[in-house]
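Okay, so subunit A shows up in both of these, paired with subunit B first and subunit C after.
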Partner chain A sequence: MEWAWLIPVFCFAAAPLIVVFGERLPGKGAILSILAIGGGFVVFWVVLTAFLGASPASEINGTADCFTSEFTESLTCVYEHSWFHAADLELVWGIIIDPLTLVMLGLVTFVALMVQVYSLGYMKGDPNFGWYFAVHSLFAAAMLTLVLADNFLLLYVAWELVGICSYLLIGFWHERPSAREAAKKAFIVTRIGDVGLLIGILLLWREVGSFSMSEAFEAASTGAMSEGVTTAAAILLLLGAMGKSAQVPFHVWLPDAMEGPTPVSALIHAATMVVAGVYLVARAFPIFSAYDADPLVVVVIVGLVTALMASTIALVATDLKRILAYSTISHLGLMMLSLGAFGYTAAIFHLLAHGFAKALLFLGAGSVLHSTEEQDIQRMGGLRKVMPLTALVFSIGAISLGGIPILSGFWSKDEILAAVNDHRNVAFIVFALLTALMSALYMARAMFIAFYGQLREGMEQVHDAPWLMAVPMALLAVLAIGFGFLSFNWPGDYDGIGSFVSFGERHGFSFTWWLGILSAVMAVGSFLFAWQVYLKGRISLDNAKATFAPILKVVENKYYFDEVYQWVIDRVVLVFSRIIAWFDRAVVNDIGVNTPANSVRRLGYTLRLHVTGHVYSYTLAMVLGFVGLGIFWWFRST
Partner chain B sequence: MVSLFYFQLLSAGLFAIGLYGVLARRSAVLIVMSIELMLNAVNINLIAAASHLEGRGSFVRFDGQIIAIFIITIAAAEVGLALAIILRMYRNRSTVNVDEIDIMKW
Partner chain C sequence: MTGLTENLDLLTPEFALAGLAFLVLAVDLFLPEDKKHLLAWLSVAGLSGLIVLAAVMLWGEDESLYDGLLAVDDYSLFFKIFFMGMGIFIILTSIDYVKQFLDHQGEFYALILFSILGMNVMAQSRELLTAYIALELLSFCLYVLVAYARKSPRSNEGSLKYIIIGAFSSAIMLYGISMIYSTLGVTRFDDISLALVGALEVSPALWVGIALLLVGLGFKISAVPFHAWAPDAYEGAPYPVTAYLAIGSKAAAFALLLRLVAEGFVPAIDRWDQWQLIISVLAGVTMVVGNLVALAQRNVKRLMAYSSIAHAGFILAGVAALTQDSQLASNGIMLYLVGYSVTNLVVFAALIAYFNISGKEMISDMGGLAEERPFLAACIAMGMFSLGGLPIFAGFAIKFYLFTAVAEAGFLWLAGLAIFSSLISLYYYLQVIRQMYIESAPQESPPESPATGELVGLEGIPRASLAASPSILLVSVLAIALAAVLWIGVYPSPLLDTIEAASRAILPGT
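Presenting the complex of A and B:
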């Protein structure tokens, strides 16, 4: 188990190797990238097996590194190696292995492997094929480090590394101005949150004297850290999480991030990087739930607002990838909602189920994009006839995420609804159900419009995904169907996901019947409704559209977030910047720097005329200097 | 025994003559000679002082003489170097007049 650090190291090694030697390797180095992440996936299974066989008592290599965490009440193993000392600060390389880390490792290695194999087909013939895989490897390495880190400093380093990889991959087709703009937007918006995260980490460091997570949790739970500081730290960490996980009001970057290649959207902007924020809140849960768990109220509200807002936008968007992006934001909001309602297990379970389903949906959308080069669903239709496999897997992803019973999305969403029902008041459960309803509606809408009905003109020559792209989609589809079964109490030792990933008291699978049936009815109803509206045309929405036109306009314009931000940047930020720039030019540069510099230069011009180049004038100056010093010394000594 | 004062007077006189030569002469050769004069003035001063101070405190006669011998050695090397430079100077610029050699400036 102590070899878990190998998982990210494989990928870290692959990235520079691809850049340097890629041109001479088969597939321009893509093979290295896939081998590295495949190796990571294998090591993940080894580590998982070792972890399941380990217990707090069992000693590994003579040292007992494993213990039962007092917070999660599950087995936790920590391996640390000193990095360097500076005064009384010690920095360590450290990894933590507990159920939360393990499920994240599984998700990241598996989805990254699938997406990289898929990319072999998708990115074929791209001039920067090797660079694409190098950045992919670097991203995987950083993401794996992020989930393995046992101290905030290492986590922050990995956090920024995934940010820069996201930037590089969104702007992968940097010849397109829109891709450049989107990359910059993503980087800057997430940076705003990251500043909060950094301040939060430094605040914890000031209070605790170490970057270690377990010491920070200890201080928060024993009362060594005051309530005010704990709450402030939690809110600051949440700020970082909101930036990365695209929560309102930082969500604006994620839809634009769809400018990147579609497999990138699948891996980074659906399944892994964007859930880093959810992971962070889950990881720092002892800080959030210390004292009266006030920060969780903020988390639950942020999650709810995000989920509602994003799902309404997804209902009216027409760009296939943007529908999926808003759906991702909405589901990230659901995860936050769940965490805020003490649904730790439910949030992580939904994170996994959503990760598989959404990666599948993006890969399906990528397959459409690959062969039709069309992103607008209104210009698609009937694609089922020309690309049956893609239509099948996309439909599986859609109904899984939409929450049709027995597919994994249904179980995970139900766990979230149950958690909200148990711990938060009735308003939250109503809005959560509304989100679930809209989630089913927009998935059904995208699926029916794009893939069913009459085939559009000019789409007859469209081909289905080549096998390199089809196999990863099929594997992900299997998980999108069956992953939810992990939540049950199977006969034998396995008592559902709640007995593995949990915070505090373990709980097996439980099913709140009225909620489950209600959400199932809503999901099936939504799909039937969408079928009638978009396929059969029996129900027309034109009257409703006319009635709610003003609201529709607001939603279609994404609640004017981009416009407001643009206004703030133009009228406030840029004006302020101009004042600063003027101050810099006029005061700092002209008065502060150029004036002394010019006077020195003028003095130099004058003085140099006294430099004749004649040796004896120099000698005379030297002699006079000596005489002067002699006289000075004479008078001083008497 | 001659008083130390006269040796110092001689030394100061020689040094002043040498200094005047360095400052006032135009010919590089004469400047080198003047430098030699100054060095030897120092030598006289050192040896006289050493002889005068012998037996007081921890001074011995050789202290001054050793430094004087060092100076003589270094002066010999310096003359060799200086004459070589002057020779090159003459080859390049056909003059040893330091007034005309004024490129050591901005």
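Presenting the complex of A and C:
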């Protein structure tokens, strides 16, 4: 198990090799990149097998490295090495292996592998083919390090690396101004949250005396860290998580992030980057749930607002990738909602189920984009006839995410609803059900409009995905259908996902009948409704649209978030910046920096003259130096 | 008390190294002119074998030879391997240069081997006269090496200055040793500390002696005000010799000084601690003057000379911070020596590669290098970043560790001064980078030397002897050294573990 560190190292090594030798490698380095992530996937299975073989009470438990965590009550192994030490400062780098990390490793390696294979077909012929795969490798490596990190410092380094890679990939087609803008937006908006994260980490460091996560959790739970500090640290960590996981009001970067190549969107939305925030909250759950778990109230509200707001926007958006983007935000909100309602298992389970389905949807959308160069669903229609495979897998993804029973999305969503129902008041469950309803509606809308009905003019020559793109989609489709079955209590030792990934007391699979039936009815109803509206045209929405026109306008403009930000930047930030800039130029630069710098330089030019080039002056300097030493010494010793 | 010839086998690496040098000289007689570069490979192979031999044979040994004149311990083993390893890389970087620009190739490598022998003995001597003889062996080799470009007047001038000042400082050092002997009656480091502890009072003759000794060593490490030879010698010497001066001879002098202070002065620190203040003042003056004067340099060799003076100041600060109950400072010094040498290797290997293809050494000539030779420019830039102490490069880790040690020992003002002068140093390091990346290539006209006003650059070098592109050999040396710089910068722990073992040999107190 200690070899788990190899998983990111493969990808880390691949990235510079591709940059340097890319032109000479087979497939311009793409093969190397795929081998690296594939190797990581293999190591993941080895580690997983070792972990399952070791738990729960084998000889490895209780050794120096492995113990049963008092928080998650599952086997946790920590492998640490000294990184750098000087005097009292001791920095370690180490990895943690526990169920949470393992499932994340599985998700990231698998989805990244699928996306990279898909990209072989999708990015074919791009002039920067090698660079694309190099950054892809680095992106995967950073994300893998992030989920393996056992201390906040390493986590932060990986966190920032993820940010940089996302910047590079979103802005991959940097000759397009919109891609450049989107990359900048993603970087800057997530940076705002990162500052919070950094302050939170430093706060914990000051209180605990090290960057170690387990020590911080210990301090939070035993009361060594006061309630105020714990709450503040949790809120600061949450800020970072909100930035990366695109929670309101930091969600604005994610819809624009689709300016990158579509496989990148699949990776960002499903496996890396956006789930980092959810992972962070889950990882730091002992801090969030210490004392009275007040920070979780914030988490649950943020999650609910995000989920609701994003799903309404997804209902009216017409750009296929934009619908998927808002759907991602909404589902991330659901995960936060679940965490905020103590639904630790449900959140992680939904993270995985959503990850597979969303990767599938994006790859399907990419396939459409690849052959039609069209993103607006209103100009699509009947694509099923020309690209049957893409239509099939997209539909599977859509109904899985829409929550149609027995597909994986249904089970994971149901667990979230159950958690909210058990731990939070009735308003939350009502709004959560509303979100689930809308989620089914917008997925059905996108699916029916784009793929069913009459084929549009000029789309007859469209071809289906080549096999390099088809195989990853097919594999992901299998998971989108069947992954949910992992939540059951199967005969034998397996007691459902809840017995593997859990926080505190383990619980097997449980099904709240009234919730399950209600959400199933709602999901099926939504699909039937959408079928009637968009395909058969039997129900017209024109009247409803007319009635709610003002509200619709607000939603269609995405609640004016971008406009408000723009106003704040123009009127507040830039004005303030100009004042600061003047101060910087006049006071800091001219008086504070240039004046001493110039005098230092003049001093240097003057001092240079003492090296005359004459040997006698050199020896004189030595003698004078000695005399100086002697006099100094004499003064000291008398 | 053991017999003189007992344990003599522990000196096998030294005997073998001397034998290797003579072998190179002998083979040189029989090789035709166009095969001389094989001597370099012979030296490299020999040194590699010796590194393995020394590591296998001397690992964990802790013996004193010749009645305590020489120590065979982890400390000397560490420096032996370090010096021989550096020697390998210096020889590898000089092969092309020597072939293109110098005569008498065989003796060049033999001289380097002899000087490594001198450095090895310096690191393991624990007695003043033994140390002095080893120092002279090193110095004589260097005098010849600096003058190796016989046809170049600057090489001759630099070497002459170096010899005169060197002889002067040798005399001063010998005088200091004799004064120490006349007052204490001993010359072994540990006896000195015992005598200091036992002495009723420290007589003026003793501290004059010690001051003279410090002046002699100060010359070797080019501490201000005993540094003035360095820029001239660095500028005049053939390029690989300049690199060797900055990397090898400085590290050897510090290896000697560190053992002298740790074994001779530190155990008596409760009785007598003025050396700390003396060395710290020297350190402060050295780092400030070195960095300030470097600002005004236009020749890249002179720039590196002042840079190495400034770095000597930083390391001296570590020497001043040596204490009995903490190995932090001595770890810091050794870490700094390794990191600094490896970084310098990157810079010099790239500069040599550039010189081999252009014959130029002024900073202003380097405009547009990033366009022409992106790899060389990137190597120089990363080396400069590391010298300036920026993170992820070795320079950050070693400075952080050493300055922490200095501050922990109570020399807060010195640590502050070190950080401040590091800040100044960034200016001239970045100037070089700016020249390479922002300025365009200069017009073809030979620039003037700032000191003498004469034409420099392609002096005496026919165009035909310039190479078309950097050799694979230099590029691979650069790649390895660069990897080492990043390794030390990112993950210095394995190296630190080794260094801690070496520290325990000279500072067993903790």
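Note that in this section the second predicted complex is superposed on the first by the 573 of 638 C-alpha atoms of A that agree within 3 Å, B and C clash if a C-alpha of one lies under 4 Å from a C-alpha of the other, contacts with A are read in each partner's own complex, and residues count from 1 in each chain.
Quick note on the criterion: contacts are C-beta pairs under 8 Å (C-beta built on N, C-alpha and C of every residue); 3 or more make two chains touch, one makes a residue touch a chain.
Since this is a predicted model, take the numbers as computed values, not measurements.
By the document's definition of touching, of the two partners only subunit C reaches A:Ala621; subunit B does not. Of the two partner chains placed by the overlay, only subunit C lies in contact with A:His81; subunit B stays clear of it.
In the superposition on chain A, A:Arg608 makes contact with both subunit B and subunit C. Of the two partner chains placed around the shared chain by superposition, neither subunit B nor subunit C is touched by A:Pro388. Under the contact criterion defined above, the residues of subunit A that touch both subunit B in one complex and subunit C in the other are 608, 611, 613, 615, 618-619. Residues of subunit A touching subunit C in their complex: 81-87, 89, 597, 600-601, 603-605, 607-608, 610-611, 613, 615, 617-619, 621-622, 624-626, 628-630, 632-634, 636-637.
Residues of subunit B that touch subunit A in their complex: 19, 22-24, 31, 98-99, 101-106.
Taken in their complex, subunit A has these residues touching subunit B: 608, 611-616, 618-620, 623. Within the complex, the subunit C residues that touch subunit A are 160-161, 164-165, 168-169, 172, 202, 204, 207-208, 211-212, 214-215, 218-219, 224-226, 228-229, 231-232, 274, 277-278, 281-282, 289, 292-297, 328, 332, 397, 400-401, 404-405, 408, 424, 427, 451-452, 491-493, 496.
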